[in-house]
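Dropping the structure in here first, questions after.
By letter and in written order, the chains are A, B, C and D; residue numbering begins at 1 in each of them.
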């Protein structure tokens, strides 16, 4: 596939490779768009990018191919994944459209645009190919370097500046300025006592032995879940799993079996509310 | 000598300016200033009169050019005065009677705190009226014409705190405005026809144009005359005009202003002579009005309104005469002058009666006043005899001549008109006798009852100072009021005889108006006889009804005609229903239309744009993705466009 | 095979990415789709450089990558802070541009 | 290069405006005096213009001409003919009275009111309007005229929207909203007109190649500049529409009642007596001179519209309950007369119309300002709230009556002369229209007298029983106007002498001569 010289037509190998990987790339792109979960989209996109990297290589852009893999798939996509994690891996956003007509318009525009592009390329009459060979006569990387540091040096410098600016900007955006000194443990506890709100440390999640995962709220005596027991982040992401109902159901099942074991008549649920009747 | 003419007008004008702009500091002397200046105007008039008498008949026309008023292209209006026999007659009448009534008012308005303004208005009226009769062109005449209208408006509404007075004033001005419209249209017609509206060019060239044009002009002038002289159909304002102080009724609404219409017609005689149809219209209007007024006069219990009705009918006589053409012009003016005397006298008498009766105007609350106010009684009586045409008194001569002239018109018209005139004479005799009897004879119906009848509240605010709700104490008026009455009585006794013996008046006026003896089917004697008979009949009926049996203090319901006549023969009701109501509806609907339709279209457009933008605004739903869609669509379109460009 | 197919592929990927941008609400996925579009462009560039036998196309692609990297950094930072403030990564929630 | 008198006349009030605006907020009274002084100085300059102007001299005098935008052939060209001189004099004459009458209208309200009323701004805006009006009377370059014709709207907008009657029956907020409605309506109406005119101006440039009124008019006259009939008609319509909006002609009139009703009396006078005159003036100067054929073509329609304005305005005035609205509709009726006179195409009609502009300015000023004094006393604009005023304030009532009589054009007062001239001028060519228009004088009498009766006569209402009579300042405002009304009514010759030659010129521009009377009796 690393044909040094691509002429008017390419080798069948490359053709084969194109058709196979191209399909994969398209599928990956589609998945990126239509996957419910951001993580999956990210992974599919990564796949597409790798395919593209291969295509770069196939087109004789060795340097770019590598950079594609290292920078894009390596750095950028990972950045994406980090953010996804931050926002919540499991958060699956519905693909149901809320804006009226948006989806149809989008598809229409997309299709139309695609058709136009194809038409454009189609009648562009791109016949002769001088191939990447002549470009890469004295090495692809050297050639690029020569160009970057001579012809495009200013652009290069400016992009560098741009990158730095972007980095600073990202820091500024994400950095939250502390207006006051962070409270120490001691101060916090004192404050709690002073205010009289949950003087003891917050209850731990999963008071039932069966459920001690962090994302399950502990139940209050009346069986309702208590938000306090779960960490703030999860609460905000709405990733609490509420087990109060199933706990009650389990309890009822337990009672049921106990009754059967003791050969008592099945008790209607209301006997829960009238224990004195149950006692006779 | 010509320069005196301007002074005639200047004197009262100055008076008006001084009195109205002078402010309160003139309150104590104001009335004397006014009287003096009108008297001065009268004196100037006399001087000029003497001057005219000194000339021979055909040179008795003085003109004075003051300045060019409106010069635009062919449209040349000058401020030029023309004093000939006709206007001279009026000048003397106006200034003379005017001065007398000024004098009278000094006493009559004594208790009114706004007396100064009253005299200011009176002077204003004199100036305007003099301008009217002295003008040399119709436009300047128009100025005087509306000027007197203004003065009458101010004076009728002098007691503005009374809504009735204010309304009456407004009504008078509006009805007059309708007439003025006729005058202005007439002037325009003159301009388009003759290229001028000065008396000379217009009246001198009536032969050069079509009769149709002249008829149109004539009818328009007639309309104007109807408005000013309270002729049918524009007579409705005169009755209400009695809301004004009595001297005003005497001067403006009896002696001078209301006769301006007659002046206009006589002055435009040349036009009417050339337009028989217009003349016929004039005579018809005159005849109708003289009957109309007389009938109304019979029914009114308000002494002033009764007199107003009679004024209407007397002016009807004059208009009728004026409509007869050269046969009648002179007699129209003659009757106008004599009428000026006796009707002014009668009004002043009425005013004096009211003065003594706590401003009571209802004749049914009078009675037997002759021994309490003898002077008033005598003067009023003389005026009464004069108006009914008692032989030898001035009314006799003038009215008799008119009736003759009416018959002299010839043909069936002549008979009809003459008959109307005769009938009118009979009715006149009837209602005047009625007034006389109810006021001065019979038992004293004002005894033991408060005179302030609730439905007829007192006119004068002065009354509030003296008019308690008690039984009145009839008393003779002060000298300053009686003297003018006496003078006028003398005039109304001897005026007619003086004028007609030796045809003095005829010879005096003929150069201006021209004169021709019609061919009367009846001899003068016959007509006189007939008149006498009618007179006697009228008096007799009145005596039978009001002299023999006592007059009820409350008006009986009366016959249908009587009730109609009390309501001015339903003319006001007609106006109210048709014009006032109709107008109100029209304006109200127009206001609605303007607001909903004309304005609605505009606001609708605005609202439309607002709605459209609101709908477009929905596109800006704030969702980044929909913006993105539009951007993407735009990009697609751009690509398409470029491709098309390359394809083409 | 004619290398033009690469261009067709690039066009296809670009369109898919664009549609994704329009369809998805999750800011992160939207970003991924943008990346996809950028990559499609890169592929096209590379193919062009092959056609013309010079390296400029690749240079452009290289720069694109750099810029993309910068953009991703800033964009993700924005998403994070957005998430902090409104506890959601949905682009529709940030609809303050509405009048 | 002589002293640029015309520029000075326009520049002086502009400078005055700037200076007035610059007065610190604390020195309110100083600003008032400054404004008054500026307006008086302008009056002095206007009088010099009047003196320096030679009625029998060249058509445009005191001309100034400097290149401005060379690329479009725009020149800063000024020049006055008789009509312009008369109107400039009127403007310069009225402004001092307006300033005096509005002396306290822009004082900050007593505490408790949320409305802030910048006194300096009020007077500065008035002066600015004066400057723009004057220069648009002077401009003989269509482009220059257009600019100021439009720029006028800005200060007017603020005057209408920013300053209303002190007391308002519906309370502060309602007043504010109504004011802004009126101001926006005024602005939109005139802007629409202005836009059409702009299109026409550009079209004119495309056709004629420059903006100079004189050059184009001459070229039109000697036929060197030919316009296709349709082109001329379209351009004419573009111009006329703008002017018809400005001088409200039915059915484009509805902005005027709102504007006059909501603004203070002096501003209302400014609108109807000064600003609107620009519209009618421009019809006379631009429509007739630039597009004579089209003007003749449109005459019948315009006359009918004017007729409708006359009768319709009068009828609506009768139907009004609000004093200011009543005066506004009366003005609409009067503008109908003016337009009718202009398009009657007779020398009487056009001289009458010009005279009418002057007289209507004075008479409306008199009536409206007195009405303003009345309203400021009682704090209500509704006629029904008054009654018997003449008993407590006779002088006020008297001046009000005189103003009203002038409005109903009583002979002897100035408006009569102009109104009669217009009627005659129309009658000589279109008798039917003339006669119908004559009904206007009856209706005028109706609405004026009804207004006077309801407000001034009758028993004294308790609310007005304590009403003070006119104060010295107010007398100073009203008395001269009344004197002027009488003077011009008795001796209008000076004005007609100035106006007539210009009118003769205009008549020859439209190739019209007065119809000859049937009988050549007078000559």
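Criterion: contacts are C-beta pairs under 8 Å (C-beta built on N, C-alpha and C of every residue); 3 or more make two chains touch, one makes a residue touch a chain.
Predicted model, so just to flag it, every value in this text is computed and none were measured.
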Exercise. If you tally the C-beta contacts, which comes out ahead, B-C or B-D?
Worked result: B-D
For this session: Provide the C-alpha centroid distance between chain A and chain D, rounded to the nearest whole angstrom.
Result: 74
For this session: Averaged over CA atoms, how far is the centre of chain B from the centre of chain C? Could you give it in whole Å?
Result: 97
Exercise. Distance-wise, how many Å sit between the C-alpha centres of chain C and chain D, to the nearest whole number?
Worked result: 66
Exercise. Roughly how many whole angstrom separate the Cα centroids of chain B and chain D?
Worked result: 37
Problem set entry | Multi-partner residues of chain C (at least 2 other chains) | 18, 22-23, 25, 92
Seminar exercise, completed: Touching two or more other chains in chain D are residues none
Exercise. Mind pulling the chain A residues that touch 2 or more other chains?
Worked result: 99, 102, 105-106, 109-110, 113, 117
Exercise. What are all the touching pairs of chains?
Worked result: A-B, A-C, B-C, B-D
Problem set entry | In the complex, chain C residues that touch chain A | 1-9, 11-20, 22-26, 28-29, 31-33, 35-36, 39, 42-43, 46-47, 49-56, 58-59, 61-63, 65-74, 76-81, 83-84, 87, 89-90, 92
Seminar exercise, completed: Contacts from chain C onto chain B in the complex sit at residues 18, 21-23, 25, 91-92, 94-99
For this session: Spell out the part of chain B that touches chain C in their complex, as residue ranges.
Result: 617, 620-625, 627-629, 632
Seminar exercise, completed: Touching chain D in the complex, chain B uses residues 20, 67-76, 79, 139, 142-143, 145-147, 150, 153, 157, 160-163, 165-167, 169-170, 173-174, 177-178, 180-181, 184-185, 187-189, 191-196, 198, 201-202, 204-205, 208-209, 213, 583, 586-588, 590-591, 594, 598-599, 601-602, 606
Exercise. What part of chain A is in contact with chain B in the complex they form?
Worked result: 99, 102, 105-106, 109-110, 112-113, 116-117, 119-120, 123
